[in-house]
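Just below sit the structures, each encoded as C-alpha cells.
Both of the next two complexes hold subunit A, though its partner changes from subunit B to subunit C.
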Partner chain A sequence: MKLPHQRLTRRLALGGLAATTLAAPARAQARPLKIGMITSLSGPFAALGESMRGGMRLLLTQSGERFADRPVELIVEDDQARPDDGVRKARKLIGQDRVDLLCGVIHSGVALALRDVVTEARMPTFLLGSANDLARRAASPFILRPTKTNWMLGSTAAQRTHQTHPGARVVTAASDYAAGREFVGDFATTYQGLGGRIGRQFWTPLGTPDFGPLLTAIAAERPDSVYVFFAGSDAVRFLRQWKEYRLAGRIRLMATGACFDQEDVLPAVGDAALGGINTFHQSPTAPSSAAFVEAWGATGKGLPGEFSTTGYVCGQVIRTATERSGGNPTDWPRTQQALFDAPVETAFGRMPFDPRNGQAILDIHVNEVRAVDGAMVNTVVYTFPQIRDPGPDA
Partner chain B sequence: MPDALGYGAVQTLNALSFSALLLLNGLGLSVVLSLMNFVNLAHGSFFLLGSYVAIFWLGSGAPWWLAFPAAFLAAGLAGLLLDRFPFRRFYARPHLMQVLLTYGLSLIFADLMRWGIGAQILTPELPDMLKGVVFIGDMPFPIFRLFLIGAGTVLGLALWLLLDRTIWGAVLRAAVTDRGIVETLGIDTRRVFTVVLVLSAGLGGLSGALGAGMLAAYPGLDEEVLLLALVTVVVGGLGSFGGSVAGALVVGFTLTFSKVWLPEFANLAAFGALVLLLLVRPAGIVAPALRRL
Partner chain C sequence: MIRVIAAAAVVALFADDYLLRFLAEILLFGVAVMSLDILIGFGGLMSLGHAALFGGAAYAAAIVARQWGGDLVLMLGTGMATGLVLAAVMGVVVLRSGQLFLLIMTLLLAQMLWEVAFHWRDVTGGADGLRGLPALSLGPWALSGARALFLVAVPLAVVAFLVARSFIAAPIGRALVGTREEPIRMTALGYSLFAVRFRAMMVAGAMAGAAGALLPFVNQYVGPQSVHWTLSATLVIMLVIGGIGSLWGGFIGSAVYLGIQTYLSAYTDRWQLLVGLVFVLTVLLLPNGVAGGVRRWRS
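And then the complex of A and B:
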C-alpha cells in the first residue's frame, strides 16, 4: 500500500523544526544506547521488581537520560519470576528489540537460565540474582555481576557471630529452597570452621502460613542465637510471630539482610524487628549510599531497600561502563577490561570486579535494626570491607 | 526438652489455632460448594479483601472489634454484586464453566487490588488486648491465637445452628435437593441462593480479617488461602457441615505436627497423609448422607 503524501501542516512544520534544533548538538554516533531490563513485575517478587525498576529509572533521570552523552533507552520486561518466561523475554529483547546490553533479574533460577542464553548470544549482560554458582560454575565471559552472592552474606554472619558471641550455640531456620540452603550452608560451614557449635537446623517450605510450630520448637531448644533466612511474606510472618511468641529479647536473632529488608519487610513488621542483626551489602545508613538515599526519599518512597539500591547501582555500573568505553559499552572486551582495571564508585560502596568471574567485590555491612524517629532503620554497626566470593576456588 | 508437657500443650494449641483459621476459611467455600453445587475459585479474593478492610480499619483508630463486621459487610457486598452478575447465570452450568469464570474473576480481582492498594506486604495493628501471651508451663502462647480458636468455634457453631437447626436452613437444603418442588411451595429459590452467596463471601471476608493477624496481606495471598480452603473442604467431605470441621482439624493437625516432627519434609508428610486418607475415604472424612435422588 502506498502511503498518502503528508500535507505540510503547521503542527508538522513545528515538530520538524523542534526535532532538527534538538538533534543538532548530538553527535553522529549518538544512536541511543538500548538497555534491556528483565525483572519480576508480577508474581511473588512483584514489589521487588518495581523497586529495581524504580532505582534504575531514578539513575536515568539523574543522568538526564544520557550516559556519556549518548541517549539511553530502557526497555523493561517482566519475567514473572519464572525461568522459562525470563528466557523468552531475553530472546525477545535480544532478537526483536536488538538491545545493546541486558541487565536485571531477581530470582536466581531466572538468572541461571539466562546465563546460557546470553552467553550463546554473546550479549553483554549485567546479571543480578545471588546464587553462588553465578560466580562459580555458571560464570560467563559475557556477564558482569554488580551484586552479592549468598556466600558473602552467610559467611560474614558466621564471622560476626564468632566475633561478638564466641562459643554461642546457634540453631538455624530457613526457607527450604536453593537460596536458604546456600545461606545456612555457608553460615554453618564458616561458623564450624571457626570452632562454633551449630544446633538443630530447621527447614520450612517457602510460603509457610504458620510459624507457630517452628517457633515453639525453637523456644524448646533454648539456643543462644538463631540464624535465619526468610524473605518477603515469610519474613514478615516469621518476625511478627517471633515477637508474638515472646522470643524477641530472649534469643539473639541473626539473619540475612533480606529478612529485614528496609523496603519490603521493616514497614510491615514494625517494632517486631527491633534489635535484629543482619549481614547485608545494602544499608540506608551506609555512607556510600547517602546521596542515593536522599534522592530516593525525595521521590516520596521512604528509605530504600535491597532492590531499589540494586537497580540504581546496576545503572551506575552501566553508566561507568559507557563512559570508560567512550560511549560504546558493546565493545565488550574493552568495557570489561576498563571495569576490571579500576573500581566503580556505587551506592554499595567502592566496587571492584573480580577478573576471574566478573563478580563484584563488596563491603558487607552488619546492620542492627534500631528505632529512629519511630521508624525501624537498618543501622550499620560494623563493616566487613571488600569481601570476595571464593569463585572458581570454591 | 525441659518441659515436655507444656511443649506438647502449646503445639496442640498451635494446631488448634491453625485449624480454626482453616475452618473459617473453608466454611465459606464449603457452603456454596456443598449447598449450591457452585465452585467459587474467587473465594480467596473475598479473603484478601477482608484482610485489607480489617488492616485499614484497625489502622484508622475506630473501635477495633468493628473491623470484623466491616470486613464481613464489605466482602458480603462484593458477593451480592457478583451474584447479580455474573454468578447467577452460572449456578446451573457445569463445574468446568464455573471454574473458568471464577478463576478468571479471581485474576481480575487480584490485579484490581494490587492496582488500588499496591504490592507491599501489610499487617494489622492488633489491639493491646490481643497482644499478650499466656504461659503454659514455661512455654508462651499468644492471646491472639486463643482469640482465633474462640472465633472459629463460635462462628462454626452459629453456622451449624443456622443451616442444620433452623427452618431457613431446611429450606436451603431442600432447594439444593429439588429446586422445582421448593418453588412450587411458593419460595423464591433465587433469593435463597443470593443469601447463601452473600453469606459465603462475608465469611470469606471475615476469615480474612481474622487471618490477617497470622498471615499478613499481600498480592498472592488469595491463591494461597484458596488452596488451603480447597484441601480442607475436600478432605472433610462435601455436603456436610461436620465434614468441614473434621477437615479443618485433620489438615490443621497434620500440617502442624508434620512441622514439629519432620520439619524438613513437612509438606510431603502432611499432604502424603492427606492423599492416603482420601484413598481410604474418597468422599472425605464425613461422607455426605445421600440426599440426591
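And then the complex of A and C:
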C-alpha cells in the first residue's frame, strides 16, 4: 500500500514541476518586439514561403534589427500549406513563444483557419492570404491585411480588357481551387457588368501535368482573348505549352500576376511569356518598389516577385506601426487607429487601410511582359490607382 | 488508473492554455491511432484510409455544430455515428480483400471522401474548410477554454483505452488476433473472418469518430486536409513510432510526432527529415515501437 503512494507523490512533484516550468513566461531584461511569422517552407508553396521570409529578413537587416529603437526578434514557423498545421503553429507562437504580433501566411485556407484563432486570442495579426472573404465576412478587428484580395486583380483585369478591347469575347481557364474560382468569378462578373461577353469557362485540377487538351479546346473556341489563373509549376507548364501550341501571338493572353510571377515563373519560361498581360499589385518596374528592387538585387537574387515584396511590405507596415505607436504596437486600438489615420509608404506604393475591414487599399498595375536585355520583365503599362475591395458591401 | 487521473489533474491545474490544448490534440490523435492499432496491430488489416473515419467525423460534428450548437453529447453521438457508418461502408467494401488490395481499397475510399469534402463547397466549405464553430458545451456549461477541452479529452482517452483493452481481451479480440495469425485455421474452427474483422472495424470507427468529433473544437477549424490520405499515413507513422500492438503506444506516437513537428520545426525547416530518421530508427532499434521498448526495458 505504501509503494504506490510514494510513486504517486513523486510523479505529482515531477509533473507539477514540469508543468510550471513550461508555463513560466519568458522574462527578459530589455524586452524585444517578438514577431511570429507563419509561412510555407515545405509543401507546394515552399519557394514562395522562402521568398516571403527573405523579404522580411531584408527589411529587418536594413532596419538594423530594430523598429523604433526596440530590438526585433523574428520567429518563423512552417505551416506546410496545411490549415491544421498552421493553426497549431499559430497557437505555439501565441501560447509558447508569446509573440507580440503575428504575420504571414500564403495559403488562403490557412489564413481563413487562423482567423478565429487569432481573434479569440486577441492577437494583432498582419495576415497575407488573399481570399476575398478575409476582407468581407471573415474580417476581424485584430487582423490587418497589407496585401491584395483576389477581387482586386480579377475585377481590374476585366476593366482593362474592356478599356483596350471593348466587346472582346473572353474565355477563361484556371486551376480548380478556391483562389482560381475567385479570380475567374470576379473577372467574369465585372466583365459582364461592363457589357462584355464571356465564353466557355475551363477548370483544370491543381498540378495538371499536361495542358494539351485544354489548349486544343481553347483554340477550337476561337476567342478574342483568354483570361487565366495558374500559379507556380502549373503556370510554367501552361505558358510553355501555350507557345508550343502556337497560340502565343494569336490569342490575347491575360492573366493574374501570379501566372507571370517575376521570381517564380518568368525565369523558368523565358520568351514563352513574352507579351503576356497581367494585373498585379506588384511589379519590379513600379516606381514605388525601385528602392526595394535594388536592395533585393544587391543580395544576388535577381528581380523580386510577389512574395518577396509582400514579406518586405509586411515588414514595412509593422515597422511603421511600431513607430507610430511609440514602440508599443501591441496597444492594438491605438496602433490600428494610427494606421487608419495616415497611409503607409511601402514597396507596393502608398497604402491606406480601410477602417471597415483592415484591408489595404492598393494600386493595381497592368503589367506587360517585355524583353529587357534578354530577360523577361513585368513592365507597368497602366495603373489603376487606389483600388479598394468592396469589403462588407460585397 | 488513479495515477493517470492524478497526473491529468496536476497538468490541468498547472499547465498553460497552449500546452493544454496541445495535450488535448495529442490525446485525440492518440485515440485515433489506438483505434487504427486495433485494425493494424491486432487484426493485421493495413489501412491507409483511417483519416476518412477520423476526419469524416470531424466534418460531421462541425456541420452539425454550426446548425444545432456544440453540445458535447450531440457531438460525440454525431462523431461516433459517422465513424460507424463510414467504417461499415469501408468494411463491406474492403474486408473481402486482404494485404495490398486492402491497403489500396482503403486509400481509394478515403480519397473519395476527400473529393466530396473538397468539392461540395456549400456544405463542407470546399478548400477553405469550415470555421466559425460554436463553443463545445455540456448542458448549461460552455467548454470553450483550453482547460475544459483538455478535461474532456482526458476521460475520452481513458474510456477509449478501457474499451479497446476490453475488446482485445474479450473472445472477439482474441478471435481477431487469430484471424491475423491463422486465418485458415480460424475459418476451419467455424469463425467468419469477415464478421470478426467487420466488428473490429466498427469498434475502430466509433472510437476514431468520437475523437474526430472533438478535433474541430480544439482547432476551431476543420478542412479537407483532415480527410486526406496523407493524414492516414501520418496516423500509421505515429502508430509505428508508438508501437504496433500496444494500445497506449498510440498516445506516445502522437506525442512524439506532434512534438517533433511543433517544437523542432522552429529550429529547422527539415523537421520531416527528423521524423523520417525517428521512424527508421524506431523500425531498426525498437521494432515494437517506443511502447515495446519500454516494456522490454522494464522486464
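Operating definition for what follows: the second predicted complex is superposed on the first by the 364 of 394 C-alpha atoms of A that agree within 3 Å, B and C clash if a C-alpha of one lies under 4 Å from a C-alpha of the other, contacts with A are read in each partner's own complex, and residues count from 1 in each chain.
One rule holds for everything that comes next: a residue touches a chain if its C-beta (ideal position, glycine included) is under 8 Å from a C-beta of that chain, and two chains touch if they have at least 3 such contacts.
This one's a predicted model, so the numbers in the text were calculated from it and none came from an experiment.
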Request  = Have a look at where A:Leu112 lands relative to subunit B and subunit C in the superposition and call it first, second, both or neither.
outcome  = second
Query = Between subunit B (first) and subunit C (second), which, if any, makes contact with A:Ser233: first, second, both or neither?
reply = first
Message = Taking the superposition on A as described, I'd like to know which of subunit B and subunit C A:Arg122 touches: first, second, both or neither.
response = neither
Inquiry  = Quick check on the superposed pair: does A:Glu77 touch subunit B, subunit C, both, or neither? Answer first, second, both or neither.
reply    = second
Inquiry  = Touch test for A:Arg88: subunit B only (first), subunit C only (second), both, or neither?
reply    = second
Query = Does the superposition put A:Phe202 against subunit B (first), subunit C (second), both, or neither?
reply = first
Inquiry  = After the superposition on A, what does A:Arg31 contact: first (subunit B), second (subunit C), both or neither?
reply    = neither
Query = What part of subunit A is shared between its subunit B contacts and its subunit C contacts?
reply = none
Key: Residues of subunit A touching subunit B in the complex   = 43-44, 46-47, 50, 176, 202-205, 207, 209-210, 212-214, 216-217, 219-220, 222, 232-233, 236-237, 240-241, 244-246, 264-265, 267-270
Note = Listed in rising order, the residues of subunit B that touch subunit A in the complex are 1-3, 7, 10-11, 14-15, 17-18, 21, 114, 118-123, 131, 133, 139-142, 144-145, 214-216, 218-221, 224, 228, 255-257, 259-260, 263-264, 266-267
Task = Please name which positions on subunit C make contact with subunit A in the complex.
result = 2-3, 6-7, 10-11, 13-19, 21-22, 25, 126-129, 131-133, 219-221, 223, 225-226, 258, 261-263, 265-266, 269, 271-272
Note = Per the touch rule above, subunit A residues touching subunit C in the complex are 4, 7-8, 11-12, 15-16, 19-20, 22-23, 41-42, 75-78, 82-85, 87-89, 91-92, 94-97, 108-109, 112-113, 115-117, 120, 131, 133, 138, 177-178
